[in-house]
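Look at the two complexes coming up: chain A is in both, with chain B in one and chain C in the other.
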Partner chain A sequence: MANFEKIAATPETLVDTARSLKASGFTFLEFMSAVDYIPKNKVEPGANRMDAVYMLWNPATNEQKMIVVPLPRDNPSVPTVMPVWEGANWHEREAHELFGIDIKGHPNLRHLLLAEGWNDTYPLRKDFNVDDVEIDWSAPTSKLAEGNPERVYHFAVQHPGAHGPQGFDLLLDGNTIVDAEARIGYVHRTLEKLGEQRNYYQNILNMERGCIMCGMPYIDVWARAVEELLGVEVPEKAKYLRLIAVELNRLSSHLLWMGPQQGGDFAYMPVAMWAIGDREKVLDLLEALTGGRITFAYIRPGGVRWDIPEGFREMAQKNLRYLESRLPMYEEMMFKEPIVKERLTGLGKLTPEEAIDIGVSGPSLRATGVAHDTRKDAHIPVYEDLGFQIVTQTGGDGWARGMVRLGEMKESIRLILDALDRLPPGNSEADLFNRRAMPWMKVPTGEVYAVTESCRGRLGIHLISDGTSKPYRTKIRGPSFSNMYAVEHILKKGSYLYDIPALIGSMDTCPADMDR
Partner chain B sequence: MTREIPEGVNPKDIESVLSWVKGSSLWNLHFCFGCCSTEIMAAMMPRFDIERFGFAPADTPRQADVLVANGPISRKIVPRIQRLWAQMPDPKYLIVIGACPMSGGPYQGSYNIVTDIRDVLNVEPAAFIPGCPPNPEGILEAFIMLKNRIKEGSYGKL
Partner chain C sequence: MIFPHSLGAWTHVLRIWIGDNMLADSLLFKLFVFPGTVFSFIIVLFLFWWWRKIGASIQSRYGPKHVGPSGTLQTIADVLKLITKESIVPEMASKWFWFMPVFSFVLSFLFLSLIPFSDHWVIIDFDASLIMLFAVMAIEPLFIFLVGWASYNKYGVAGGERAGIQMLGYEVFLALTFVPVIMMSHSWSLVGIVYAQGVSPTWASPVLHTFTNRGVWFGFVQPLALVLSIIAVMMAVEKKPFNIPHAEPEVLYGSSTEYGGPFYALQMLSQFLMGFLGAGLITTLYLGGWALPFVPPAVGFVLKTLVVGTIIIWLEHSLPAMRIPHFLDVAWRKLVPLAFLNIFITLIIMEVLGWA
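Presenting the complex of A and B:
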């Protein structure tokens, strides 16, 4: 039982099935991954196989379909679907290193998230033993470095322009990039495996650390996935409070993007400083509401932890009105300023077709003119009641992405203030189970895929429960994973070395989100 | 090379001047590899403004005095941290922000996380502020703690 349709395929029919599904409107590959069934599993007792799974999304109808390819556990192998969706590249590499699935025809099956010299042990297999791991530290850092060790320029790992441990190995001709290969995985905290080791309640803490700049959408989508399995309906008030919490987090994340991420890249310190100064006002609100500045544990299955505190409404109105009055100034300084505008225009241009093919989502997708926002597409509660409007631009470049985020900030402020005005009475939490017993709560067997719009794009959690108090499989679709692949794609098309920090900034990739 | 102290100069005075110099302008390596770097950034920016106490980020390890361990240490990043630490000139200090570098924090039990930075760098941290993440005030406290200890002369003698 699942909340999406499953389509069975074999390795031989996989590519044809994928082609026909793409032709029928399933143009967006959310992720490719696998599920490992060992004989003693409780989902399908006795099953001894590995399912390669491909989650597809039809943007026009908002349908989800999953291609399931059952494979033998001892020698799993599937052909690559890269000819159908280019964005499958990194997902297949991930499945190769974490599950040991051989991808036939894949151009580069080096380790992506794990250390380069990791031996043939596959961490997400159920019979994985951490003691078997051995790492050969002499392995080259990328395929490029393997072929041209003396010519490769390492834009990684410690680079002040890279916003964290993400980077590239580059082949350069002067300042022009000839070839690029991304290096990620330095903050791979194995949230998916930890998800299987922790119970549903502990996982709230793990999930919100999925992306530290916007953790609230992570716990929101986690809570909705668990609620769907439990069959719990959340009270109306909790839906509003969730929206307020998520949108406050989005505001703080977008201000962080505008400040140090994009403004800081240009050494444009006034914007960087002022945006962070204003972000503190949003963090004050989050602290008043949840008790935490960047980690919250506020949303949990069944509702939210507590109601809004006394005086929060007035405080929110004061701080958000102030922020609203500052936004025109930022627009003037950042997006209408001739030098910045010229720098951002044409930077990392993506066409709508390319973006969908790669799996780009979030502001970067909407900047290409595609009006898809998961908050509206997936009918996330109360967004439509509050008259949520999707912000789009048509340029597809750095400037358009910035303008989308600026528009989203305005929209978020409006949504929060409207939600506070229309906050319904009642409980902030479903009164269904004993809170003290929640750590031992058993969740019925089932499979579910929940999505939401995080600050960076389409965030999904594919959750399989085996009826115990811990999940059987947790797959996280981090939006930055595909967005970072788009950065590599853009760099390969021909770009300049000095474009990289600005480009990473404008795609707003989060290493924690892509490495999980 | 021998270092001779001129007549009439108290060696303790030289030491206290050196300590004052070392403690007054500490440059921390700009290397964000964890969640707590978000709060370190907040500590550097308006409202908390760490620079008024004499701290600023250095872009290269060769100009840095302080390595701030600010997040979970994955197996993949271990050799990079070791190399950065080796590239930093003496005297150098290690500050640990957040639970992860000392214990694994919320990622304990993960196959890819090294739970103790002391195993990686073979050095005792000068200051450790637990939390997940600690507030910017806590991060400020760590830096001021380090600064005071250096100035007192009880830490980081050449």
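Presenting the complex of A and C:
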């Protein structure tokens, strides 16, 4: 049983199946991954195979379908689906290095998340033994660096413009970029493997480390995936509190984006510092509500950890009204300032078709004029009750992405204030099981895919339970993974060295989110 | 100097006041104390602190506040820290690696020697000192490029190339903004230009001489040229929004990427000195040089320069950095025509007022 439809295919029919599904409206490839079944597994006892899985989404009807390609464990091989969805590129590389699936016809099967010199051991296989790992640290950093290491510019971790441990190897002609290859994986913590080794309760802490700037949607989607398997209905009040917590986190993330990230790209320090200062107000609210400022562990299967604290409503109204009064000023300073506007206009332009094809989501997708927000598409509780409006722009460039985020901040403030006004009475947590026994909680066998809109885009968790207290497989679809691929795609189309920081900044990629 | 020597002890005070004394005649004193080495170190240390404090107050921070009163000694502490750090020279770097920052420092001192702090407190002044100054400013980017090249770093070379791009943007514009001043003063000498603004050669300060018959600070008759010159000087000394060579998010620290410790301190020193002198040039050309009531001329010059410098720092801290194409576009398509227009306006005004 699963909350999506599964379509079986073989390596021979895969590309045709994919083509026909894309033609029937499943234009968005969420992820490509695999599930490893060793004989002693409890999901399908005795199965000895590896399933290559392709999760598809139909944006028009909000249907999910999954292509499942059963493969032999000893020599799994599938053809690439890059001719159908360009965004499959990195997902296939990931499946190649983490599961050892050979992708036929793939242009570049180098390691993406693991170290370049990692030997043929595959961490996400069920029989992986960490003692077998050997790493050749002298391996070249990228395909570009293999040919001409002297000419390659490393715009990566050492560079303040790279926004953290992510970056590119570049070939330049003056300031023009001839070729680019992304280098990510510096903060790859194998969250998916960790997820399989922790129980459902511990995984709350595990999951929210998926993105350090925006952890709340991660635990929100995790809780909803587990609830779906358990068949638990969350109390109405908990739904409102979850919305408040998630939107507060979105506010803090977008403020961080506008200030040090996008403002910092232009060394625009007033905006950078003022936005950081205003973010403090949001963090204070998060601290009052959840006890934490960066990681929260507030949302858990069945509801939220505790009810709204005394005085929170007044504090929220005060801080958010203040923030609301500051936003027009930021709009004036940031998005109407001629120098910034010149830098952002036309920066990293994406067409709607391109964006969907790559799997871009979140504000970057909505900036191309596509009105898809998972909060509305997937009917996340109480968003529609509060009259949630999707913010879109039509430019598809950096400026449009910024305006979308600014609009989302306004929308978030309104949502939180409305949710506080309409907060229903009742429990903040479903009375479903003994709290103290929660770590040993067993979850019924099943498969589920839960999605939400994180601050950066469409965040999904594909969860397979084998009836024990630990999940059998947790696949995280981090939105930044596909968004970063879009950055590489834009750079390859032709860009300039001086545009890279602003480009990475405007896509708002989070290294933790893309590496997992 | 014509002075009644019967004034006794006051004579000395007055003589020092206007610079007519042995110290001002001694080239060594000028070179090493004022306005040379010692003074320039002090002013740079002060400016660095001032720059940080203004930046902090614009960004709603405190800035340095712990070392010394209001953190005034923070810069000294930082310089000491930088000097005691190990100077790392990259393996593949040129043998000229550590000469380059010294050369660009020497260059900024050459700039300093041309700026008249008063008609006595000036190290070199001759008929064509403004041309000499242009020459010094034109060589500067070459040294920035060599600094990057010598360090054998890709970002160093990129930063050096960008220094060249920056020079292409501002060099012509900078020269054009100064043309109206030369036209009005009939002089290429910086001291001569200050004299032409009605500042008396001998008795420098009193109010009477600030605005005399024909002499008037060029800033008042040439407001457009003043604004354009401030922009040109900001371009020349790489202040935001024109910080193309050292744009940190794009090319790390440009040509200076590989320089740490004392080299870095030296580079910061020459950068801030250039900034101060750029503001000093504006003061000389447009704001009557050292003329300021009730203070000694050299002090008057420094105070005015600090005011101009503060405006530049203020602009620097409140504006984002430009992209290269935008910068070149603004410089060539908008500012150069404006500078030409200003020359034209000046011609008309001079014709009308009969100054030609």
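Keep in mind that, in the parts below, the second predicted complex is superposed on the first by the 516 of 516 C-alpha atoms of A that agree within 3 Å, B and C clash if a C-alpha of one lies under 4 Å from a C-alpha of the other, contacts with A are read in each partner's own complex, and residues count from 1 in each chain.
In this text, a contact is a pair of C-beta atoms (placed from the backbone, for glycine too) under 8 Å apart; a residue touches a chain by one contact, two chains touch by 3 or more.
Remember, it's a predicted structure, so these values are computed and weren't measured experimentally.
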Practice prompt. Would you sort A:P501 into first (chain B), second (chain C), both or neither based on which partner it touches?
Written response: second
Worksheet item: Regarding the shared-chain residue A:N175, is it in contact with chain B (first), chain C (second), both, or neither?
Response: second
Fill in: Which partner, chain B or chain C, touches more chain A residues
B
Discussion item. A:P270 in the overlay: touching chain B, chain C, both, or neither? Say first, second, both or neither.
Written reply: second
Worksheet item: Should A:E342 be classified as contacting the first partner (chain B), the second (chain C), both, or neither?
Response: second
Worksheet item: So which positions on chain A get touched by both chain B and chain C?
Response: 160, 272-274, 277
Worksheet entry | For the chain C and chain A complex, residues of the former touching the latter | 55, 58-61, 154-155, 158, 161, 240-241, 243, 247-252, 317-324, 326
Worksheet item: Quick one: in the complex, what on chain A touches chain C?
Response: 153, 159-161, 174-175, 263-270, 272-274, 277, 337, 339-340, 342-343, 496-502
Worksheet, complete the sentence: As the complex stands, chain B meets chain A at residues 29-35, 37-39, 41-42, 45-47, 57, 59, 61, 71-72, 74-77, 79-80, 84, 106-107, 109-113, 132-133, 135
Worksheet item: Once bound in the complex, which stretches of chain A touch chain B?
Response: 114-116, 123, 128, 130, 133, 135, 137, 157-158, 160, 163-165, 185-190, 193-194, 197, 205-206, 209, 212-213, 256, 259-260, 272-274, 276-277, 279-280, 283, 293-295, 512
